[in-house]
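Across the two complexes that follow, chain A remains constant while its partner is chain B and subsequently chain C.
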Partner chain A sequence: MLRYAGKRAILAVLVALTVSFAAFLLLSVATDPAAAIAGEGAEPEVIEQIREQLGLNQPLLAQYGHWLSAISHGDLGTSYYWRQPVSTLILDHLPVTLTLALAATFVALIVAIPLGTIAALYPNSTIDRFALTLAVSAQATPTFWLALMLIILLGVIVPIFPISGDATGWNYVLPAIVLGAHSVPAIMRLTRVGVLDVMGSDYIRTARAKGLYGYRLLSRQVMRNALLPVVSVLAVQLGHKLGGSVITESVFAMNGLGRFALQSIVGGDIPTVQMLVVLFALTFIGLTLLADLLNAWLDPRLRLT
Partner chain B sequence: MAMQDTDLTVKAAAAEASADTPLDAPVRRLDSWREMLRHPGIVIGLAILLTLFALAIFAPLIAPYDPFDQQLSRRLLPPFWVEGGNPAYLFGTDHLGRDYLSRLLYGARISLLIGFGAAGIGCLLGVTLGVCAGYFGGVVDRVVSFLLTCQLALPGLLLAMALVFLIGPSVTVVICVIGLLHWSYYLVVTRAATQKIRDLEYVAAARAIGSNERQIMISEILPNLLSEIIVIFSLEVGVAVLAEAALSFLGVGIQPPTPSWGLMIAEGKTSVFLRPWLIILPGIFIFLLVLAANLVGDGLRDMMSKKSGR
Partner chain C sequence: MKAPQTPLLEVSDLSVTLPVRESKLHAVRGVSFSLARGEALGIVGESGSGKSMTSLALMNLLPKSAERNASVLRLGEHDLLAMDQIEFAKSVAARRMAMIFQEPMTSLNPVYTIGRQLTETMTIHGTAGPKEARERAIDLLDRIGVPDAKNRLAQYPHELSGGLRQRVMIAMMLMNAPDLLIADEPTTALDVTVQASILELLAELRKELGMALILVSHDLGVVSQSVDKIAVMYAGELIETGTVKDVLSSPQHPYTRGLLASIPAPRGTGERLPSIPGTVPPLFALPSGCTFADRCSYAETKCRAAPPPMQSAGEGHLYRCILPLNTTGSSVRTAVSAKSQIHSHDNGSLLSARNVSRTFTVRAGLLGKGKALKAVDDVSLDVAQGEIVALVGESGSGKSTLARILLGLQESDRGEVTISGRPILSISPFERAKLIQPVFQDPYSSLNPRKTIGQTVMRPLELHGIGSAQDRRKEAERVMELVGLPRRLLNNYPPQLSGGQRQRVAIARAIVLQPKILICDEPTSALDVSVQAQILNLLLDLRDELGLSYLLITHDLAVVNCIATRVAVMHRGRIVESGEKDAVLRTPRDPYTQTLLRSVQTMKFSANPRAADGAAGLQ
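Here is the complex of A and B:
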């Protein structure tokens, strides 16, 4: 187990380095940060001065080196658009996104797992078809459109929930449904396939033969095995939720990292955007590493790969 | 749903793909049209897709007005079924007095172009990487798998937003950026399929008669991956359409005055309570297009897995 964990951790570090380099390179090449800071119609001398000030005239690799060493010392730079340290800005916006991501994951789980399980227990039944239709429709619905429809329905026609801001817990209800709905299809299908697979296996037949039925069979034998793949997908989904919060937070005017990222992009604040991309990527890498280790701990067979 | 979503977490997709379609029967062709036309999902999906294609191609003939023509005296007319609607403007007009139906029809061009264009670029990249990784194995495989892990870790929507906006939003840029960020699903599936095929006898036979690696990959392996590739392609069209809609909605994709469905929803957002149809109508079009692409993809996958004996 320790050997496996070590190997996975080294891989995660390599991925993190590559990804941070990719984020740095892509966004540095895509545009001229100095011109973006100087604003439209700035004199060439001014742009040149900014370039020199920020070290943007050095080779890219050298810039990346400086950037990385600054990050490793905990210095995430200062945003020239927001005129504040990036670390402060991120910490300010983090709680909203984190709460939203966790709430959305919770919503996704309480919908997807029961539905997937029931669908698998009664294949081709009405409820199976309903679940499938729901998954297919959910996959085809744009997140921002669902958000607006919910605002019209539950915010205005039947005003139950607040539709904008992040002041109270109630503000999180609609956004959590919207953001959660998008991972329902994936988790539900996986649960369904998992349960179907397990139900057809020999050891379930044995358990049945021994007289284990109903809820006890389900909880003791089926779910434990069927949900194994869901663990890794959940980590992936939670990681995506952070990045995916852009749309939801924008529609519901929530002051989280996603909306902050959008504002930084539109403001041409490249260093902040770079940092956010890296932050989301690192979170994702951390979560998948955690899920892999958890899976390996639950299922020793995986440690061999 | 939208793009994050769309990133459907390739892990889930891969798990699903392996669960749904065991790649143990490598030669599976979708040769029978008749069989396809008996699958309700495929029929419905194809019907919607063909209709939208027809609307997009013949938009100049069907559209009652120029989609860019502003009639400020006729701003924000409701559609014909709402009180005050004008039958001359079936779906009403937008905030600049442009005919909504005409803009929706021209919007189909943008969505289809970006959907198929981006899915095509992703396909080229993903299939190339996947076939190479599966065929050569060893170091190549390890490098490609590492690339895949990195790609999955990047926040796709955020990066797409930043790149499109910073490079300068245009249809071409949107197609390229979305395409370049969506090749992982192709890679996962073609890699696994190639690994199964490369050890088959007919590949050995091709090698024995003197085919080189490139010939084997292109004329022996690739044709047998076609069914898998078509399945992923149609699913990825849906993903790309949603991605474009999200980018345009957030203001960092297609820019006004181009008629893009996502952008139209953003423009109607300010009067969401007074004139919900401005949002509902383009949303329905996006939904139908993505649904059709998914129905075709899911249906074909269904058929393939049945053929392989499940």
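Here is the complex of A and C:
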């Protein structure tokens, strides 16, 4: 297990370095930071001076090294647009997105896994068809439309939940449902297929011959096997949510990373965008690593590879 | 037998029906038997006979859609018919009656440790606490011959071999010391040497624990060794039952006789095996007469008029046939060819391998160090014109790798393979296809299900651009006739054919280019005994008619005995012994060959039915 974890971690670091290098190139090659800092119509000498000051005349790899070491010391650069350190800006917006992503994933899981399991236990039953219908509709519903409908229903007609901002926990309920609904179909269908598959397996027949049935059969023998494929998908889904949901955050006027990223892009704020790209990529890499380790913990056969 | 003693298991009029699309499949019909405490019953039958359905019905493990009916179904004091699933699971499953299955590779949960799966059998029933259960598990594993039992508990199923997994499975089901153990083909998926030890173990445990046993198998050899009573099933019915001695030495039902005759004899003679034509029919409608009538050579009109009732041939020996068979002789159509059985193999070697080796590098993970695995190690082998050379070995012995090298599908590291004196690698694939062809084990997966039989058989001709479409059709018809299939099947698809028919198609496809040699990789091991005999006869016929040679790869020594001329025994990549069949099988010199021969389950009471029937039955 340790060897497996070590190997996976090394791979993750390699991928992270590759991605960060690509993000670095985004700034250094696609634009001329010196010109941007000097402002429009600056003398070439001035630009050259700035370039020298910032070390931009050094070889690309050396610059990358400096950049990496700066990041590792917590210096993520300064935003042109907001005129603040990027690190401060990210830390300001992160909690909202993090809370929303976790809440949405929670919503998705408590709906998708029980529904998928029941659908698998009674295939082609009414509940199975209901689950399928729900999955198809959830997949086909545009996020913004669902958000607006929920605002109208539960915010305006029956005003239970706040519809805008991120001040209290209640503010997160509707956005979490909207964002979570998006993940329900994939997780539910995977759970259904997983449970159906496992229920038909030889080892479940063995377990039944041993006298296991009902809930105990599910919890003791079925679920761990059935949920293996769900873990990987969950990592990807959570990654998407942590990358910030532009639409959901915009509709509910929440000050998360998604809306922040959109504003930075519109404002042409390259250093911020660059750091966001790195952050999102690292989030994905980290979650994938976590999913791999979780899967290996769940399934001993994976530890061999 | 003491009559007043109540039997442990009482089954009367058991039937199982399965809905298949619009109609109903009558998988088991009117099955009745009883079992005393400590008694062992063998249920024998081919695929589709309903033997597995019967055992699953006892264990409440039938598919959800299946319907089970019986007039009596009783285990000790438990009336199984009156119990619902939950009651059964709580008080009978694994406590009074337990079951082990065919597939040790997939019957254990891959994500939990052996220890957890073993102790669970007790903890879920509350028959022991976790600590006691653990101790019992270690004791049982020890007893069952699992080395280093204590440390095994922390292992996962994938870390154990097939034989060990089956032992763990047995231990798991014996945790609560049940009164009855049902073993459904417990050794079919295992190598012969392992098979023997598992059967011995079951017999010992039975005596030791006073446990009754139901052994379900397609293999009469396996069953006859380890049980007291035999029940033969055919097309969902029990057609003959009695003590092992009665059933094997004086079989009454024509099917039982045919089945016994189809088994390759312990001392093969190279002659045709008697075989039962056709296969077990699936029953969608309740039969109006005897279900075996269509395959029985004695069937008369009265056989088709009404289902035959059980007849008695002495105490406890019952059979379902209305014809007094004792005088009629064999039911079996024996097709002993009149052609000469003698084949000269003096005209040099057709296929020859010299010092062939192949090593694989097994890498442990992405960054792991490679380890050398010698799959084939310095192997030399010859097959002459008209010869049938059997290559025998257990799984992992390197047989299949050698076959791929001989077919020219894989290169060897060292050594050379020649066909008619030419190095195989110098022959173009197109030309090679006209010299050597494979026939694979599994006729269910080796034919393309989306191509008609005709397309499959004609495809090689098409690829080689031989003849016009009409010529090819004619050629396909000719080959179909050679392999004993009706022409009309050319327009059918593989799923519409039975296993035996599909294997015939695979052979037809292989011989359509008129190759000189066929490499048959376990050509009959996926087939039922009676069908196996048909295919082996076909191979012999084709040798006589076309002068074909075979390299027959198999693990079944009985098959070897029956048709091979020479034998090579392979073990861990090396040929440990080779020579004329009789020499190798009667006076084996290599210790491994000796073990292999000892492991074969020969028939107890080996009344050779062919001899018993007398000459009258043979045409």
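Note that the second predicted complex is superposed on the first by the 258 of 305 C-alpha atoms of A that agree within 3 Å, B and C clash if a C-alpha of one lies under 4 Å from a C-alpha of the other, contacts with A are read in each partner's own complex, and residues count from 1 in each chain.
We adopt the following convention: a contact is a pair of C-beta atoms (placed from the backbone, for glycine too) under 8 Å apart; a residue touches a chain by one contact, two chains touch by 3 or more.
Just so you know, these numbers come straight off a predicted model, no measurement behind them.
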Simultaneous placement of chain C and chain B on chain A, clash or fit: fit
Partner chain(s) touched by A:206 [first = chain B, second = chain C, both, neither]: second
First (chain B), second (chain C), both or neither touched by A:224: second
Chain B versus chain C as contact partner of A:276, first or second or both or neither: first
Partner chain(s) touched by A:256 [first = chain B, second = chain C, both, neither]: neither
Chain B versus chain C, judged by how many residues of chain A each one touches: B
First (chain B), second (chain C), both or neither touched by A:116: neither
Lowest inter-chain C-alpha distance for chain C and chain B in the superposed arrangement, angstrom: 6
Residues of chain A that lie at the interface with chain B and also at the interface with chain C: none
In the complex, chain A residues that touch chain B: 11, 14-16, 18-19, 22-23, 26-27, 30-31, 36, 136-146, 148-149, 151-152, 156, 181-183, 186-187, 189-190, 193, 197, 229, 232-233, 236-237, 240-244, 246-247, 250, 258, 261-262, 265-266, 268, 270, 273, 276-277, 280-281, 284-285, 288
Residues of chain B defined as touching chain A within the complex: 1-5, 7-9, 11-13, 15-16, 19-20, 146, 149-150, 152-159, 161-163, 165-167, 238, 242, 245-246, 249-252, 262, 265, 269, 272-273, 276, 279-280, 283, 286-288, 290-291, 294-295, 298
In the complex with chain C, residue positions of chain A that touch it: 3, 7, 201-203, 205-214, 216, 220-221, 224-225, 298-301, 304-305
Parts of chain C lying in touch with chain A, wherever the complex brings them together: 59-61, 85-86, 89-90, 92-95, 98-99, 101, 103, 106-112, 120-121, 124-125, 156, 158, 169, 172-173, 365-367
